[in-house]
Amino acid sequence: MQQPLTEEKVFKDPVHNYIHVQDVVIWRLINTSEFQRLRRIRQLGTSYLTFHGAEHSRFSHSLGVYEITRRIISQFERGEYTDWPKEEKLVALCAALLHDLGHGPFSHSIEEAFGMNHEDWTCRIILGDTEINTVLCQVEPGFPEKVAAVISKTYDKPIVVNLVTSPLDADRMDYLLRDAYQTGVNYGTIDLDRILRLLRPHKGRIVVKDSGMHAVEDYLMSRYQMYWQIYFHPVTRSSEIILRLIFRRAKELMNQGYTFGFLLDPLPDLIRGDLTVSQYLMLDESLIQTVFNLWKKEEDPVLSDLCSRFMDRRLYKYVQIDSMDMSMIDDLRAALAKAGLHPDYDLEIDFPTDLPYDVFRKDGSTENQILLLDREGGVREISEVSDIVRSISGIHRGKYHLYYPQNKLEQIKDKLPPDIQKLFVK
Amino acid sequence: MQQPLTEEKVFKDPVHNYIHVQDVVIWRLINTSEFQRLRRIRQLGTSYLTFHGAEHSRFSHSLGVYEITRRIISQFERGEYTDWPKEEKLVALCAALLHDLGHGPFSHSIEEAFGMNHEDWTCRIILGDTEINTVLCQVEPGFPEKVAAVISKTYDKPIVVNLVTSPLDADRMDYLLRDAYQTGVNYGTIDLDRILRLLRPHKGRIVVKDSGMHAVEDYLMSRYQMYWQIYFHPVTRSSEIILRLIFRRAKELMNQGYTFGFLLDPLPDLIRGDLTVSQYLMLDESLIQTVFNLWKKEEDPVLSDLCSRFMDRRLYKYVQIDSMDMSMIDDLRAALAKAGLHPDYDLEIDFPTDLPYDVFRKDGSTENQILLLDREGGVREISEVSDIVRSISGIHRGKYHLYYPQNKLEQIKDKLPPDIQKLFVK
Amino acid sequence: MQQPLTEEKVFKDPVHNYIHVQDVVIWRLINTSEFQRLRRIRQLGTSYLTFHGAEHSRFSHSLGVYEITRRIISQFERGEYTDWPKEEKLVALCAALLHDLGHGPFSHSIEEAFGMNHEDWTCRIILGDTEINTVLCQVEPGFPEKVAAVISKTYDKPIVVNLVTSPLDADRMDYLLRDAYQTGVNYGTIDLDRILRLLRPHKGRIVVKDSGMHAVEDYLMSRYQMYWQIYFHPVTRSSEIILRLIFRRAKELMNQGYTFGFLLDPLPDLIRGDLTVSQYLMLDESLIQTVFNLWKKEEDPVLSDLCSRFMDRRLYKYVQIDSMDMSMIDDLRAALAKAGLHPDYDLEIDFPTDLPYDVFRKDGSTENQILLLDREGGVREISEVSDIVRSISGIHRGKYHLYYPQNKLEQIKDKLPPDIQKLFVK
Amino acid sequence: MQQPLTEEKVFKDPVHNYIHVQDVVIWRLINTSEFQRLRRIRQLGTSYLTFHGAEHSRFSHSLGVYEITRRIISQFERGEYTDWPKEEKLVALCAALLHDLGHGPFSHSIEEAFGMNHEDWTCRIILGDTEINTVLCQVEPGFPEKVAAVISKTYDKPIVVNLVTSPLDADRMDYLLRDAYQTGVNYGTIDLDRILRLLRPHKGRIVVKDSGMHAVEDYLMSRYQMYWQIYFHPVTRSSEIILRLIFRRAKELMNQGYTFGFLLDPLPDLIRGDLTVSQYLMLDESLIQTVFNLWKKEEDPVLSDLCSRFMDRRLYKYVQIDSMDMSMIDDLRAALAKAGLHPDYDLEIDFPTDLPYDVFRKDGSTENQILLLDREGGVREISEVSDIVRSISGIHRGKYHLYYPQNKLEQIKDKLPPDIQKLFVK
């Protein structure tokens, strides 16, 4: 079933230098139309509007995740560790390559707007009537189901699930390195080679040799920095808010029976929340951008203004505030509405939080733990050993920001009560 | 007129680390919808189908060209060189920033297919009823005309033209560095700092201090390597051929009165060759990709096949041949047609050539010369001094490739005469 | 007095690309024999025995510190901040360049062994009968005293002292970057450009704009990682221990009237602790290594063994232990002595500690604070704002290690009590 | 005989990231005193006086050459190429690691001054009474002879010799990358991974797949640039000239029976040209620098002046001249002597040449050829195929420089005939 290529194929990659494809199946998966579609989905959504270098796609990232996974398994095989089930190599590689297959255009915003979930869509594409499914079926009957099970974390070999999804997995390692490379920041530069050298399969989990403690600390700090400096950058949040408002408005208009000047399949079904797999696969960022570009001329002024803002990058401004409670938000909205602004579209409150590392999940599970392996085969959760990790463990961080259209606010500013005016004058 | 920002703005850039914006005009130009459109035009056209990292846009590149130009001028000002006309700074910066404004989607292929020219469009956008024009007019009356003149090389201060367009200009320096960075190759890594430090304004031209000779040699060799390893890569050429064939087919169908299942403004006028500026500005790679994705389902089998090939990356295969003459091509086409292939769509011959450096242009002009300045103020053309440059000067390089659909060829291969069969069996 | 060079001189530097020398005084200081001596003192002492790339000298580092300081001041001048006293530029640059002038060979070990202090020696060289002093005197009478005062932190303009020595100074920034570059680790890669852009002179101190908080967090974490992964690496500590033991033995032998087979000026006076400035300047790592190489053949077996160990890199092995108290150490030494080992030379206990950041010094002073400047001109100590910094602030970290000659221990192991044997068998 | 380590050892390396040691023999060789001595021999001799970053040692480089060789062989083994004799792996790795073992301090200058040859010394150390020899003998009797034969190119398996010494060998690849990294220039950045992937064992030689032609072109151009920009830099040449003059003067004084104020073993025997292996191994750059530092105070003014010049970096100045013949040199020397300068020590003529690539050696041999392998197994010499390589093939490049003590020349300038004065006034 596992069939080596007669000659290894390579992709030149700016992060890993070369990506090595050695199996026929992997090569064929890459060449399906569903996988090629990932070229039209940016890895970092709207971040390119803040960091112009962030133009890379989920296609590049997926190759990178595959390559890191390949290197981990190859190290396990060289080390001849008995805790690694050799026969699981191909299913792990396929799951690594395909784990992002179901991402939609500007995924986080679109998921939030339409209550979708990219992981579900990944599984639907793998199991549906697709080229991906055909290629996977050639391995053996039931193989697509195996790959989907790994991705949905229900596979019966926990170590394969742990390899593909864990707090120290190939996905995170690739995106830290790649997003840092593309944006030009240096916060994400982790010592990949060292971490990979020190991973070990151990009783159904992937653990790290304890000599790698500092490298893991550094990885967790890199992750933390990338979240606050890149992923949660307020300008990026602003563009995501505009996106969400566009989707919200389109839905509202659709429900009101508004006749769109321009509409393209499968947008009506997307808005209605009822897409088939083949319709879903039509969705990419080209289509969304093309539609938004045409919606700049829609009659509805809210929709056309929001689309202009997104396409021409005239985003909402923001102010940071120290704290916020519900009644305060209600007062604020009421005051803005009274002054003539649109209470639903001219103010958004945002409070991103990230948990850099935690010993226990809310549900008490320990899946998120990073475990260190000592020479005697003992295993310890990292925050028991590392002062730094302990000190950041469980820290919830967050800042409140208000987002609003600066030009509109300017016009009505004088009509606002002084304490609310003060919020916006920083 | 030249108006500094109260606080310098910076863009984080992976190649130059930071891009520094110091003038209100530059800031406003970047924030026009016409300039933002460059985010939707890739710098390297279809190269991302060969090097997946090549996903960067002309937006990023344009910022880079601006930054290098800013650094050159700033060096000229610090050095207080009298040959540099200080009052030309802003026009030079604007021309550097805007020089690629008129690029269309997949520009080389679209230009070839529809006989357009991006330089003309750049000037039309600068001079037309656009946000860019409005911003430039705020500097002084006639300013847009000045910027356009620099870009079309008719400006009356030759040194400004030479700064913006020359064999050693900011455009080339940025694209070598950026394209190398994005694709992950290291051929384009020139010593930018050293070259910039050694540029001098000299009697209406930009020259290089002779101590920089080796750095210039290295730059020319980098350029040569990038052409052959990246820009002319046969897989990239194959995707450009598919693109051209799509445009050719669409034009043919339009002329035949074919009714398209899907068509979007301004495609009909594009195909007809009659676009207004505002229509041209609607064109971007999102729109082209969206259209092609829908054309996969067009009734015309030639068009739908080509669009599938482009979108799903099932490109034409190629063979390299040593030489080629017209009669041989005719025989080949005839044989393929006889065997049942389409003579216009199932075979393309490609012969890219590049001239890494030349002392004289075909027309005898010396604009392309790189001049070295010695301590006594004497100037010598570089190939007089550098053996390496002399050895590559005037070398025309090229390879013939045949491109064809592998699957179709397989089916009819046995019907081909043996000498033609042999061509394809490598 | 401040005299620009007719043409800027540059040094090619792997970390900063180019180091720009613009003043005659700086150029002349670099060309003194005392500054050139720094080429023969490694930046990281014995670290090259652990990380073979760590072969760079204090000469390279000193140029780097100068360059960063030059860039900071140049930013202050461009910003025209009134809190920066422009006339102090040259004294700051000289102090930055010369701050490491008094380092001896393998400085930390030699200082510990002979109770010396490199800062004192720096001042003695600046004020003594040296080429450095001559060059500085050419600036103006009393100038050497000014430079020495900055270095010894007694200068009457606190902002100059703060610029040259603070928890975020050019010295630390250069060594993090340079040591990371040379060893090949990536822990020290801080965003130098961003930090430099955000430094501000403010009421007699250098502070950071609060938008740079994350960059400072990242810097503090980099510093922490470099300490534990590079500077305190147990193999490096082992080589430093050997060095200290060599110096200790030589002193002991000298005091005992031992006749050395080989001795070179100014070693006797060094050991006696009574060096003139010109004698001190004879000391460099070439001399120390040459002497140790010859001492491999000394009659005294302790000295010759230690010198072989250092020169041929046969270092002491180590074990980590969880805790340690004085009586335990005494017991251990006694047991080893009883078994036949040398209690003073065959066992060393090491406990390196580092304080990554602290709000208050032991003496209650606040010199070590990093201050953030907000838009309103308010200033806050960073750990008030940053969770991460607060979480590491004041953390004393340390590990106990025992160092010993493995071969000797093997021979007598069976003579040790079981609980002590157990310590060494890990 | 070949004995794997129970656990792979790694060295962190700035160029290759990690160097992997997998055999006991390699580990032991690295830990011999003779190999550790290479830490005290700089890779680039006196280049650190021009490029301060060039402080790295032959120890680091030797590890790098070993690592590249290991990677090449490992690729040969994975590819299961029958033309590679698997049993030769260890001898090849040892020869790669040890090929620079016999380098003396500032090797090129000292070899020239005393007619020594580092390759001979490498073999003498391998075959002599040394730790290296002991380790190699543990592999099998006669193993040291095998390793020495590979290094002296007399081994009976030409492919092993070709692997270790060829125009595209691990030695050249490591030094280009490492010297570029350390000096901070980017001329030496070759695509190592690509070249290594494309090397093939083929009929007793190492050849390159023809798809690697451009990568080889790039490598040859990098090599060319490194020669002219780094290795032949006139300031470096000046320091090498000073070194040679010091050795020449010391020899002259010794022959004249001069009594040195300071002399250290084994210098008298070095000068006399009669060193044993163990004496030779005492020579390192620490010793040479220590001696020169003390010779600054020698009575002989020529020797003491030259030593001050070298230690304190007050080098000879230089002028470039277009051509030079013997009689002209004689006239020049005579004129300087007449004006009061020392004809042997106050003028040196230098004419470095390099042959970037050649099809045939002077003796007609073809060992220096780089061969390209096509798909059909045919082999072509690269300049047949590459225009660029053909254009530089056989180019002898060189520039004449005169070196002289600027201060002395200034004093007597007026006594020189005008045409000779003119030479020095540029």
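Some points to look at:
Going in written order, the chains are labelled A, B, C and D, and every chain counts its residues from 1.
Basically, contacts are C-beta pairs under 8 Å (C-beta built on N, C-alpha and C of every residue); 3 or more make two chains touch, one makes a residue touch a chain.
None of these values were measured; they are calculated from a predicted model.
Shared contact partners of chain A and chain C, listed by label: B, D. Centroid analysis (C-alpha atoms only) places B farthest from chain C. Ranking A-B and B-D by contacting C-beta pairs places A-B first.
With centres set at the average Cα position, the gap from chain B to chain C is 51 Å. Work out the mean CA point of chain A and of chain B, and you get 32 Å between them. Here the spacing of chain B and chain D, counted between their Cα centres, is 43 Å. Looking at chain B, one finds that residues 17, 185 touch two or more other chains.
Those residues of chain D whose C-beta lies close enough to touch chain C in the complex are 11-15, 17, 31-33, 36, 39-40, 48, 51-53, 55-57, 59-60, 63, 181-185, 264, 282, 284-287, 289-290, 293, 308, 311-314.
Note for the complex: chain C touches chain B at residues 10, 17-18, 193-194, 197. Only residues 185-187, 189-191, 214, 217-218, 221, 224-225, 228-229, 375, 387-388, 391-392, 395, 397, 426 of chain D touch chain B when the two sit together in their complex.
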